[in-house]
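Sharing a structure below in structure tokens format, with a few things to ask.
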């Protein structure tokens, strides 16, 4: 945050002129603080602790109070790492997570991204009922030894910089929900490109990229989890862990706006300070209340998340597996085993033992609730601050204008607020939505 | 025009609206994005010229001084229609026209002619704090638009005598211009703050200062309300169109109730704004103008924000034209004064009248 | 009248307003509390008689059928003024007058005469679900006011032929009345739900059913909007008066900004409601009436709630007259349909028109 | 709550007809659950635990989801007990608190009330700056051996039933802040009466009473704390402990309204359930979000409160004192000592040792914030539920109408929401407000 604050406004402006510019220095700074390995288990050299979700939430809150664009650049990377971790694809951990940790150490950032949204499927790919009837662009066709991916993803945060990308795709566009699968795609795979980035209204320090897949061959070993579990075990699981932190992002933006507003309120102009007026005081109290509401929501979600994920990460068998010397896991035989159905079945059995579907479903509910409530509060807070400042010529006003633009995205990404409301309703009041960790030896859906 | 049936407008306004709508559709719409990204461009001046041909550069000035002499509601109609395509351009027109309002209290046909000739446009600086002592101006005016080389700027300094109404030019000695190329909204217009250190006005009103200021302010509030309605209309139109062609959840999204509710609220917001403006134009008083501005501005912000939401990710990206509406709308709400100060003024006016 | 200057009303309306204001001030104000606490009292009927003298019991009925034949805006003016003193009484008048609207599509002078004779008042039941099969009614009408022995009730049942417009009386066989003496608001009126099991109407409209229903609904929405404005005005007047005499923190509380902001917002709310009603009366369409109802109702609730807040503990106690406004206002918002259903209807209307 | 739910609507209506009726059965039920001794230390037979504030908050939340009027009847009693406890007036504890506990045991409720508000001073008596310029009605004139109280209090919850009333009064109306003092008044004192109760819009099961003082003689021993510390150490201290529970009251009302609304939403009418419509689902999620926000706010305040008060109650010297057999403390000598300046000084010293002014000030801030935020959310939730139900003829709608009326009071009592906003601002952003526990041997202000 100390790094972000002085640079944020300038970078925001520069992006208007050069939408394609990416400030790698942000990521190098992030390396210094080990922000890139916050989702990576300690045993692999990462900085994840048993309070992984809480830490991520607090980090996002803090970074976003500086600049949410830069925070997003860091957060989008962790979002990319998340499916690799939550799917328990241990066979890839040493290589990829190891590379990230190593890059972090050498201040040569290696990043990931998570690609869900497609040009004609935004909300549709975030919820099972909707996915069932989605019109998709990307399709992964089964071929000998793997899959051929064709189509597009869009608005992928960090997608233009990431070296590894976790990609959701249907094996059959006509049966999207049934065949929805998570793939690990590497930037240098043939046929993969990111042809375009958008100029966003805010959070500009991180790119929203279009990804183009032209006959990209992805080998069998690069399926994360099982064929067809990309929604119930993939997206929903990740969203259960990541929507809370989005609430934290919104809170951070709101807090940033609030701090600038408070400074403004305490600054004398024409001999008096705005805070000397009662109406400003009341507004300050209101805004502070919103921030406290937000913190309560995302933190109670984060603590729940840690109690769930903590169980797995501290499970003896997990600790044992991860404590083996790296060469044992990366040995071809072991690695093939880990990437095989038997290996997956083993991991699966462990996950099912430690993580109950009901717990993770409840986590999804609280995360979705924190996401939309925090985002709405943030938007309201920024809007109100601007209304109170009015046509004021101060750097603080420019800051809050940026926060206003930034905050809007939190109502949209990771499922629109409308979708998140539906999730809360469907989980809590109608019990029609459930996260499911598949049984071991779940069958493929195509072959 | 999509929407609910408009309340009938008298023929005079209906004709005006249709003309303004044509102007906006044929002249502004095709270049709106270009205007947004470049300031003071030839395209901008070409559109200004067309606006001049339509009498939009001296709309309120009495005919005897060479203006069109239309009433405030007519100006509102024109601004609303322009704002549908480019709120920034509409704002430029508004600040220019408002700047000429005090001339109605003079006989200075020459000044009218000079200022309404086109390039540069005049402008009105109501925010900030400026004072005048012995014909010398000092202080700072903020949120000034239309600021180019030599733009005439209307200012309302305070002096020991009370309220003053004066004009300076931006290239005068003692006038410092600090441009800001990245305002949140109204990018079309040239946004700046103006520092005054001993500058001399080229014209100062000697009587009716209070009345002139009040009349100018009323026009600013009414005009901003009209621009807000234009933004809300455009937001609704874009969102409605998008919602009828975008599929999610197996149906066009307008069939999802969450979208329908937002769209319906936008429509209500538009009507509320229009109703408040109409009423405020009927009575020559500042309070109803502030009320109309407040309601229309707030509704426009909500409409644009919901429009972005309905567009989802596309709404957030510059290339799809929706996010500009959200940014432009906010300035309608933030200018010319914080909402709460507007409310305090209303209370003061009520108390003054007992 | 405290407040900002009203937009000019034409002489016809100004006279009407002044008469209605006199009626409310001299007839309603002194007995408002009494009416609130007793239903169907001699006092109530004495006031109704005065209202009848002023033509308020057949206000909208065409002159050729023996009514006053005034336009909807006139009714709104009268209801607004009555609601300042007693929203419940104004609601009684509204449901009575709305019940006579369909008669304009008939030649039945006799029915007009019968129903507008005074005791019992007629009423309009728009909420609930009622169906008709072979001249027999079944179902349930909820939120029916003015329900006494033998009250004529206007109903809009659906039948296999589509929309029907019929009248029953509350003492007919097959009509079950379930009174509720403790509704949240509008206590003046007799609140009940009506169960229909095979009741026969005493009159059924044979043509223009759709039009008659739409016209009635429009009047209900407009009337409720007007009553809302009346409540908001009274809330403002009481709160303003209280804020100018109550001391806290060493000054009269109107000098505390928190109070000023609330009062100013109340004023804005009043003006917004008035503007929306005026506009909605200008066009013969349901959508603007719903929009006006929604805005005015919401503003009235806010105004009354803030009025209570300004009064502090006193606001919460029945004896100080403020809490009644808060309860009455809420029914203006809850009736005749949930707000969101109103919004959905607006969207449907827009889509129907392309 | 089980008791309250079936009766609440009927009682609410009955109060309209007979505003003076008081349903003692509520209090007898409360005795059964030991709700009347929730602020009374265990050692005296009470049911207070180290989670006193949390328990009170949760109790209020739960009771109010049934009927906030009945809950208020119980809560107002605890509010009356609070100054007796927080002032550390141990000399009175055995007699009065003992009587309450004993009454509770025998199902013959003995209740207290706290009288702050005066006819022309509401907000004024809740905040030091305001009190300084307040126009007061009640005055306590110093006389030989005690004080003579003259004047009125109004809107005192439970004031018409309470046997003991903690009363704030100025010793000198012209110096209200300086001379503001807390007295213990007993119902049978000569000259005391409660001539009138109000018909309130809601929360009717508890009375708002006017109290009339005509030359009521209150002996020296009945001064709680010191002369002149009635604001900084009296009201502010009590408010720091009680405003959080008011937030909980608001939350309970909101939750009650929500539960009725949810039942309505799930009930078929004309063949379909409201919850089958997306808009109702979204609203449910929103409302649920408000309730979660509220819970976060009042619980984080309550936990802070318990960590502060817990320190005193578990202090060795406190435990020792309270563990002495009751006759030691009620022995006249001891009792006189405890009620004397030396006794007070001792208690004071203990309190100052364990409770830091800064902690209690922070508690006041979070309590005030929880109070106004929860109250506003509750009002909004009830209002929205009614708007969604519209002209529906259901028992649920009648319930929510009651909640709507009930909720409004939470924005008004214990300091209006406006005042509470100011408190948050003054504590957090301007640091101009502070709770102060007086030094031992603080001097009297008149004598």
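We call the chains A, B, C and D, going by the order they appear; numbering starts again at 1 in every chain.
Going forward, a residue touches a chain if its C-beta (ideal position, glycine included) is under 8 Å from a C-beta of that chain, and two chains touch if they have at least 3 such contacts.
Since the model is a prediction, treat every value here as computed from it, not as a measurement.
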Centroid comparison with chain A (C-alpha atoms), farthest chain: C
Chain pair with the higher count of C-beta pairs in contact (A-C, C-D): C-D
Geometric centre distance via CA averages, chain D-chain C, whole Å: 40
Computed distance of Cα centres, chain C from chain A, in Å: 52
Rounded Å distance between chain A and chain D, as computed from the means of their C-alpha atoms: 45
Per-residue multi-chain contacts in chain D, two or more chains: 278-279, 282, 418, 421
Multi-partner residues of chain C (at least 2 other chains): 256-258, 260-261, 340
Touching residues on chain A, where the partner in the complex is chain C: 277-279, 282
Sites on chain C touched by chain D in the complex: 127-129, 140, 142-143, 180-184, 193, 246-250, 256, 258, 301, 305, 308-309, 312-313, 315-319, 323, 326-327, 330, 333-341
Contacting residues of chain C [partner chain A, same complex]: 256-258, 260-261
Chain A residues touching chain B - in the complex, by the definition given at the top: 13, 16, 117, 120-124, 129-130, 132-135, 154-155, 198-202, 208, 270, 279, 379, 383, 386-393, 398, 401, 404-405, 408-409, 411-413, 416-418, 421
Chain A-facing residues of chain D, complex: 262, 265-266, 275, 278, 281-282, 284-286, 288-289, 292-293, 295-297, 300, 366, 369, 372-373, 418, 420-422, 424-426, 428-430
